[in-house]
Structures are given as structure tokens and as C-alpha cells.
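Letters A, B and C mark the chains as written, and numbering starts fresh at 1 in each.
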Amino acid sequence: MQATQQLSLPLAIVQGEPMVNLPKGLYIPPNALKVLLTDFEGPLDLLSHLIRTNKFDIRDIPVFEIARQYQQYIGLMQQLDIELAGEYLFMAAWLTEIKSRLLLPKPPSFDDDDENEDDPRVELMQKLLEYEAYQQGARWLDSLKIVGRDVWPISIEVETPPEVTAQIDLDDLNAALQNVMQRALTKVAHQVSEEPIEISDKIEWVLSQISLEPVSMLDLLVAQEGKPGLVVTFIALLELWRQQQIELQQDEAYADISIRRAA
Amino acid sequence: MSEHQQTLYPIVQALIFSSDQALSAQTLFELLQLEYPDIELADVQTALTEIKQSLAGSGLVLAEVGEAVRIQVADDYLDWVYKLYQQTPPKLSRALLETLAIMAHRQPVTRAEIEAIRGVSVSSPIMAQLKQQGWIKALGQKEVPGHPTLWGTTPKLLEDLGLSSKQALVDQLETIVQRFIQEQEQEQSQNRIDLDL
Amino acid sequence: MSEHQQTLYPIVQALIFSSDQALSAQTLFELLQLEYPDIELADVQTALTEIKQSLAGSGLVLAEVGEAVRIQVADDYLDWVYKLYQQTPPKLSRALLETLAIMAHRQPVTRAEIEAIRGVSVSSPIMAQLKQQGWIKALGQKEVPGHPTLWGTTPKLLEDLGLSSKQALVDQLETIVQRFIQEQEQEQSQNRIDLDL
């Protein structure tokens, strides 16, 4: 999972001056660093990463140090032209606010239990905890055997009987269209197949061309279709004749065959 | 069974059971060659024969469709599947949904045009099922050699989807296509930035 | 195999191979009773056990999903199926899994509520992918200004994750989230006691 990748980001790269003066002093290429930086799923993810890699106590966050490191990351991202979501800047502002509130003298308190409510870090801690809890949830989902990724169920297609209407909804159609487009992307080029000459198509077309007036079979042949077209036309005529939809007439051997709709 | 056959048998079985269309021995052979360069077409045919035999009395059969094979429910047991479908109507297969989606978006459209977009052939059972459900109909014929049938969607499909008009369906699918294209372009320009570094 | 079993085996096999969702022994039993009033649930279970055994080494397995069973490609042969379809298994990004975890646990939930927990916006491609997988759906609209859409999970998600019910999914996430937060808080009160000493 990506999380492990994220945790393996070496801290030395991002601490101290070398990080600020890009690219001098960096021992990983900016491209790789960029990948690591864009890997963060937002400011909470970045903060949580900083706390874990520094082995800080989430219940007692050293805000000054964390804010400093956070600012360095943001600076690095800006240098690398990574489009910074507004949320990152909002978090930076929040950290600054917490810092300044910690610097203010505390009003006298007579109740030790109020300690937490006065601590401006509590809300941040709760947000971090909740987010990290859902990261655990995401890891659990990832650990499951998921159909389409780890599992391929077998379902032999059986034609739906006429009395049953299959379930369909628009989301299914949308998803299917996206699948087609996705697959088309991964293919180098489309194989454009020639239109096959279907007997059923030919039968319908022949029916549309004939009337009670006889027409010559030659008139029903389409030159561009070549021999396959001729064969299919002939089979279509035989089929229509068998169904008694047309009448065929030939005056003598090898003469033209005329066709008309059966009366 | 030779050692070779023991290797091929489960692979071929997994492939023909999971394929949504009939597979030819040649197709299977070409796929298997990627990993096993020294196999022969005859090995694949032997595996298919073995699978066919092993299915005797199992409720399933290996059916031959021209040069290709497909797993089907044996005729004697189709009624049982229908009974099941009456209890829980089946979902539509991926192949069927893709065919219907392209047809709805591009209508009027020929079968070969759909195949060109999907990259795989549209099987006759799929067309039959779409017609049987009353979702598609012939709209006419394309004025090209072969006069292929032009297909489109029916009012029943709109009704089953809960849509008011054919235009609403086409527009909805067009939105999906446009969004997809936009996302691809964004990704590509993103990639270009990566390369500049 | 008893005569009874010989009759049931191919029927059960045809049913579980052609069903597009996992089937429970109970469902199969009720269906079979229509024709064979004197069978017992145990007979169905015996047939399932036999099918399971007969699939050994075949490239396919009978898998249990909660109370139900389905046939699927054996893990070792999954790569071959992806090769056949010229696909790679879809990647589920961390962002997608986090969004899904929050949505599943908090449902019905708005996008803004998810964003508040993740501290970052939920991108449209992620919502699109979740919808494309058929894993989430709109459950309605929240009665606040703007009427934002409330999202929740679908039965398809449960089936794709191999879970028996929505409750099982919500409960499991509740356990994970609560355990994590409690552990951290216990450490906290532990620390305070340490400080008091």
C-alpha cells in the first residue's frame, strides 16, 4: 500500500537547509521527491506523517517544531510547482494561530480539569486522531479480497427468458461506457473491421427493394460487395422463397431470374 | 495426464469459464505461448478435450461455436436457471451493457461499428437478448455494401431506465464521454509537466 | 454418490455457475424443493461439498461469501484472466479507500462531511470511480441549505468485498475506528496519571 511508501520517506531530505535550497544538496532527484510530495492525501496526512516520523506524541504535539517542518514542506512543494490545494495553506494558518495562542499568557485557572479546554492543540489532535482512525479503516478495506481486483467470479451467461426483465439502471450503462473508453485507451489502435454481409440484413434489404412487379436478380446485386455479396444475396433469395415471401421465375436455363413479392 | 497437460488444464479451464465470448483454440494457444513458448496447438486441443470429458454429467457443457468453444449450461438444466432468474432477475453481463451503451450513445449504429469501438466482436446471443428484452430495434439500413442494419434504442429501454426521452439518454451518455476525455487531457498535461522536470 | 445426490449435483452446479451473485444453501434448497419436496438442506450442503472437492486443481474454486457460495477463478490463475481481457487489475488509491471507509461508516453522508474528516477535498475522479464500480449511490438530499447529496454504499460493494451485510461493514469499521481512538485516548489518560504522580 502507498502508506508504507509514505512512511519510508527519509526525514533527512526534508530537514535542514539542503531541502530549502533546491536542488543543491539533494541526493534524490527532484522528480522522485515530487512523487513523494504529491503522494500526501492532504494536510492531515502530511501532519500525521511528520508526527510519526519524528516519533512525536500526538497527545502532546510540539507545535513550534511541527509548524516549522510543515512550512518547509509547503515551501518545497511551492518550489517544485506542485499545485497546492488551499487546504494546505489553511492548515499552515491554523498552525500559526495555535502557535500564537500558546505564546499568550494563560488566564489563571483553578481547575486542573480545564487544562484540555484551554489547550489550542486539542481540536487539531482530535482531527488527526479521527483521520488516522479512518486510515486504519481504509487499510482494512485494502486488505480484503475485492472482486474485480483480487477476485474474478464465474457467471456463465444464460439468455434471460422472455417473461423475465433483467435489472438495468443508468449507472450501469454509464459505467459500461467508461469501461469501453478506458479499454480503447490502452489499445494502440482500433482494428476497424469490414462490415460483414449478414444474411438477415440482406433479407430485409431485398424485401425493401421488391414489389409485385418483377425485378431482375442482377438489379439486386451490389457490385462493391463482390462474390461474398453475390452468395449472400442468393442465399437470402432462397430463404425468402422457402418462406414463400417471394416468387422466382426463370424462363429458360441460364436466363435472367426475375423476382417479385409473393401475392 | 502429462506434466505439461497438468499445467495447461487449469489455465485453459479458468480462461474459458471466465471469458464472456467463445474462445478458439488458436486464441488460447497464442495467449499460452506468452508464458510457455514450447507448447503446441495440439496441447491446447488436448486440454479442451479433457475439459469436455470432465464436464460429463455436471450440468455444464463445452459447446463448439464454429472454431471456438464456450461453456454453457446443459439444455436439461436451463429450466432450473430460469426458475432462479424468476426469483432474482439477473444482472446484465458486462459485454451486454457495453454493447447497449455504445448503441444508445451512437445510434443509429451498425454491429461492425460497435465491434470497432469495443475492440471485440458482438456475439449473436447478446443481440438476441437485447432484442428479446425489447431494448433495441432496427432503425433502417446503412447505405454501404452489405446494407448492414442500423440499430437504435426503444421507448421500452427509456421506460426501464426511467428517462423521459431518447435525447435525455444520449445527452447523459455524452456527458460521461466528455468528462472522461477532459480527465484524460488533464492527466496528459500533468504528465507533460512531469517530463519537463 | 446416492441417487439423490446424482440428481442434485448437476442442478446445483448449473445454478451456482450461472448465477451472477453468490447463492446461499438456503436459496438453493428452496428452489430445489419446488421439484423435490423430500430433499433436505443437508443434501444441498453435501452437493456443495462435492462440487468444492471436484474443483480441486481445476483453475476454479468454490468460495464462501458470508452464508453464500460462488464460483471464482483460483487466485493463481487470475493473471491469466487479466491477460485475456488485456487489462491490469484496477488500482484502488489511498484517497479512494479513505473516502470509501468514511462513506461506508458514516452513511448517509455528504461530500462536505467527508472532506471535513479528510481535511482535503474529495476529487471528482474519485467519486466517478466509486460510482463506476457501482459501490456508492445517492441516498437522498440533506435537509440543509443547498440540499447536498447524501451518499451511501450499495449491495454490489458488499458483494465485491465479500461481506454478508451492510451492518457487517458498518460494524467492522466502527470497531476499527473506535478501537484506534480509544487506544490513543487510554494512552492519554495513562500519561496524565503518570504526570500526576
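Everything that follows uses one rule, which is that a residue touches a chain if its C-beta (ideal position, glycine included) is under 8 Å from a C-beta of that chain, and two chains touch if they have at least 3 such contacts.
Here the structure is a predicted model, which means the values were calculated and not measured.
Chemist: Chain with the smallest distance from its CA centroid to the overall CA centroid?
Modeler: That would be chain A.
Chemist: Looking at CA centres, what chain is most distant from chain C?
Modeler: Centroid comparison gives B as the farthest chain from chain C.
Chemist: How many Å are there between the centre of chain A and the centre of chain B, using C-alpha atoms for each centre?
Modeler: Here chain A and chain B have centroids separated by 21 Å.
Chemist: Roughly how far is chain B from chain C, going centre to centre by Cα mean, in whole Å?
Modeler: 25
Chemist: Check each residue of chain C and list the ones that touch at least two other chains.
Modeler: 17-20, 60, 71, 73, 81, 128
Chemist: If a residue has to touch 2 or more other chains to count, which residues of chain A qualify?
Modeler: In chain A, residues 152, 154-158, 172, 174-175, 178-179, 183, 187 touch at least two other chains, as defined above.
Chemist: Would you tell me which residues of chain A are touching chain B in their complex?
Modeler: 30-31, 34, 80-81, 152, 154-170, 172-181, 183-185, 187, 190-198, 200-202, 204-205, 208, 222, 224-225, 229, 232
Chemist: Would you tell me which residues of chain C are touching chain A in their complex?
Modeler: On the chain C side, the touching residues are 17-20, 22, 60, 63, 70-73, 75, 78, 81, 86-87, 89-90, 92-95, 97-98, 100-102, 104-105, 117-121, 128, 131-134, 137, 159-162, 172-173, 176-178, 180-181, 184, 187-188, 191.
Chemist: Of all residues in chain C, which touch chain B in the complex?
Modeler: Residue positions touching the partner: 6, 9-15, 17-21, 23, 27, 31, 34, 57-60, 71, 73-74, 76-77, 80-81, 83-84, 124-125, 128.
Chemist: What residues of chain A sit close enough to touch chain C in their complex?
Modeler: 1-3, 41-45, 57-60, 85, 87, 91, 127, 129-142, 144-158, 171-172, 174-175, 178-179, 183, 186-187
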